[in-house]
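Going in written order, the chains are labelled A, B and C, and every chain counts its residues from 1.
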Amino acid sequence: MKHLLSVTDLDAAAATGLLDTSDRLKQALLGREVRKLPTLRGRTVITLFYEDSTRTRVSFEVAGKWMSADTVNVSAKGSSVSKGESLRDTGLTLSAMGADCVIVRHPASGAAHRLAAWSDRDRDATGTHTSVVNAGDGTHEHPTQALLDAATLRDRLGSVAGRRIGIVGDVLHSRVARSNVFLLATLGAEVVLVAPPTLLPVGVEQWPCRVGPELDAELPTLDAVMMLRVQAERMRGSFFPSAREYAVGYGLSQERAALLPEHAVVLHPGPMMRGMEIAPAVADSPGAAILAQVRNGVHVRMAVLYHLLAGAPE
Amino acid sequence: MTTRRTGDLLITHARPYGEEAVDVAVRDGVVVEVGAGLSAPAEVMDAEVLDAGGLVLLPGFVDLHTHLREPGGEESETIATGSAAASLGGFTAVFAMPNTDPVADTEVVVEHVWRRGAEIGLVDVHPVGAVTVGLAGERMAELGTMARSRAQVRMFSDDGRCVHDPLVMRRALEYASALDVVIAQHAEDHRLTAGAQAHEGVVASRLGLAGWPATAEETIVARDCALAREAGAALHVCHVSSARTVEVLRAAKAAGVRVSAEVTPHHLLLTDATLTGYDPVNKVNPPLRTAEDTKAVRAALAHGVIDVVATDHAPHAVQYKDTEWAAARPGMLGLQTALSVVVHTMVEPGLLDWRGVARVLSERPAEIGTLPDQGRPIAVGEPATFALVDPDGAWTVRGAALASRASNTPYEGMRLPATVVATVLRGRVTARNGKVRA
Amino acid sequence: MADDRRGDEAGTHPPARELLSAADVTRTIARIAHQIIEKTAGSPEAGVVLIGIPTRGTPLARRLAAAVAEFGGTAPAVGSVDPTLHRDDLRRRPARPLEDTVVPEGGFDDKLVVLVDDVLMSGRTVRAALDALSDHGRPRAVQLAVLVDRGHRELPIRADYVGKNVPTSRDEQIRVLLTETDDRDAVLLRRSAPSPAGASSTGPGEDA
């Protein structure tokens, strides 16, 4: 595995392999006095974030450090990027400095793909094989989020294959939704999308999932439900009339949560708008695995770094 | 020995429109004789001889839609490099769009472009004037002054932008009809395409690219046809990209509206399937659409619902293209690959014969652009303005080897059929065997 | 030790010779168990932990624990430690899948840990396992039990308990089969298929 750009690059075996590695890393760290593994010592991992993020960036940084890699964080603000340096030049500069891995989050869909293409193309000039990890590109994908969601589902439900997972909310603008739909389908789950029609992408009928017309009808049949973040600016774009109407139609209130089966898991990629897409009590209930998602995030990202950087370069 | 006069030429063994082989004798830029065995008549003894060896002779191509970038965008193309690309592509006239810097909305700028084109002399450069000042879509530009200037502007467009306000468009059509010029609309309702990056469809939704719905094009075309009918004016629709627009055009033509339409070579061949991988060389406005759309526009071109092929040649220097998708400027090169793509998409499947190619690449565009000396029949008394085509030649496209300053061709590495072996402008050979002749 | 089936599938391997039969394997395990009981006689009973090095070290550790219980009375705790993350040769091959690390209840602190593996060769795997172990806690002492010692040490490591010493040449392969992972119990010896110039004759996971 050279880069991790999209979950569609992973077949079932590769995805399962990553999840297994994540589990074993969790095992290896459990109860250790020294919560550090020497495996990526001497590797340099650089996070390059063009969008604000605490959660994902810190998660990657901790993952790198627990594997003994040298991790450096670059935030687009206050760097040469704000002086107009292109993404390509920034990526090449980091490669030339010896970055074995660049973890990039960028507002343009496809940014990680381009960075990987330039990195491969200019490898001789920079002298380094640089792997690229997509930490979120525009509205396209967020592969490690889907992987940690799948890991959390595996932990809570025992398996992903054959399970029915609901994804609710702004699918149109959600990279988390895209990655989850395609990864869960690859792993053999049945996915149902529930959203206002204005927030479903054109051509969603061709995605490997179903569109459910009504949330209340779907909830009793689900093994897990993933609530997507809703951004307030979508109201200005006439996607839906008001926060109240959205919450009434698509929010996971306590009454709605009671419709879920006992074993069902509630997921949210964070950060949450308590009271909008998810009721505070639901977010804090035992069925919610939101903090488990965060914990798994570190192990999953360690597994990704392991598979990209520990072995011989491809 | 008299010095050879430019404008004297003898073309031997050529097949006009792919038909019977003949020789064509040219004197002073005009065809004086067409027949067999014109090998050594006395008047043309000192003429250059171009042995066509059975290749296809067509009237020189006319491109109604080219971006030469000069003034202001010379890092991507100049009138000189664009003219070279045009003549190598078999073009003998190009209409240069006004979205330059400064915008071509005054006689000063259009005369500059026209004069530069004439100085370079490889191809007749006809500047297109802006419809509105600064392409801002608010105030009409001085259409009359530009039409009467030395540049003799015959076509006006805000290409790159849509003339969005229906009142402004209506007035422009009315005014244009009195001047007997044509308004060419870049049909895009920008309210429906805000932030759009790719055709609104399955591919864009998978790739997380904001969609450019086909309805944004179709609704403007429908509106403009109605406005043109009311004004009795001539409307030209730029770069038709969707099956739905074809339907609107069909209905409008049946109703007698004076509307003409063009399609680009890339919309004949490429679809949004090329977008996976996010290489911005495939980013263009209007976007590449689906296989159904390419099928519809090909059929429309074959039947005349779409009148012409126009390249929308849009060079962009590498720093504008080698970026992430959202930051890249839309547009593709087209002049040197146009004929090959038309052969590949229309001639090879039997949708057009060589007469049809002449119609869509030369005769109809010359008509729409009112050029009296282009797109003429290959006959005695007519200007000797030709493209000589090898239908069996095949070539591999390499952006770096093309004459344009920029290299943004979507056909990089592709093997395409048919080559332009020579281009003749009023009896003067402007390009031969892949090299330009000033 | 990882199962090396590549050569079989290619069909170019010379036939393997059986060094230990199923019965031999059982006897050998029993003998090691007796030795462990003898050597750890002074330790408190709850203080011995058998830690397998995956893959085949783990079932071996379990069998040894059962045998010790059968002969000595109390079954020692059993676990496993995956040394992969501490290996010194990771970058020579594509990233390997990880194996299970199971820390027994009571952990490793102040325990006598007996590492268990099927084959001992260079000693690098054991070195990695020792590093992994020391990040988990501080055993009182660490000993090593192996089913087969085939020589060719590259580090100063020796086994405290050896089932069978099998002198080998570098271009030979030892394969241990156990019913938990393969179709039978056996220890096989065969010549490697000719390897590319410069590569060692050990297969993946065999560099023990």
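The criterion applied here is as follows: a contact is a pair of C-beta atoms (placed from the backbone, for glycine too) under 8 Å apart; a residue touches a chain by one contact, two chains touch by 3 or more.
From a predicted model like this one, the values you see are computed outputs, not experimental measurements.
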Requested in this report: Find the chain most remote from subunit A, comparing centres computed as mean CA coordinates.
Outcome: B
Requested in this report: Taking the mean of all protein CA atoms as the centre, name the chain whose own CA mean is closest to it.
Outcome: A
Requested in this report: Find the geometric centre of each of subunit B and subunit C from their Cα atoms only, then give the gap between the two centres in Å, rounded to an integer.
Outcome: 74
Requested in this report: With chain centres taken as the means of their Cα atoms, state the distance from subunit A to subunit B in Å.
Outcome: 46
Query raised in the report: If you average the Cα atoms of subunit A and of subunit C to get two centres, how far apart are those centres in Å?
Result: 39
Query raised in the report: For subunit A, what residues touch not just one other chain but two or more?
Result: none
Query - Footprint of subunit A on subunit C - complex, ascending - result: 82, 85-86, 90-103, 107, 131-132, 135-138
Requested in this report: Quick one: which bits of subunit A touch subunit B in the complex? Just the residue numbers, please.
Outcome: 86-88, 106-111, 113-114, 117-118, 137-141, 175, 178, 201-204, 206-207
Query raised in the report: What part of subunit A is in contact with subunit C in the complex they form?
Result: 1, 17, 20-21, 24-25, 27-28, 30-34, 36-39, 306-308, 310-314
Query - In the complex, subunit B residues that touch subunit A - result: 197, 200-211, 213, 277-279, 319, 322-327
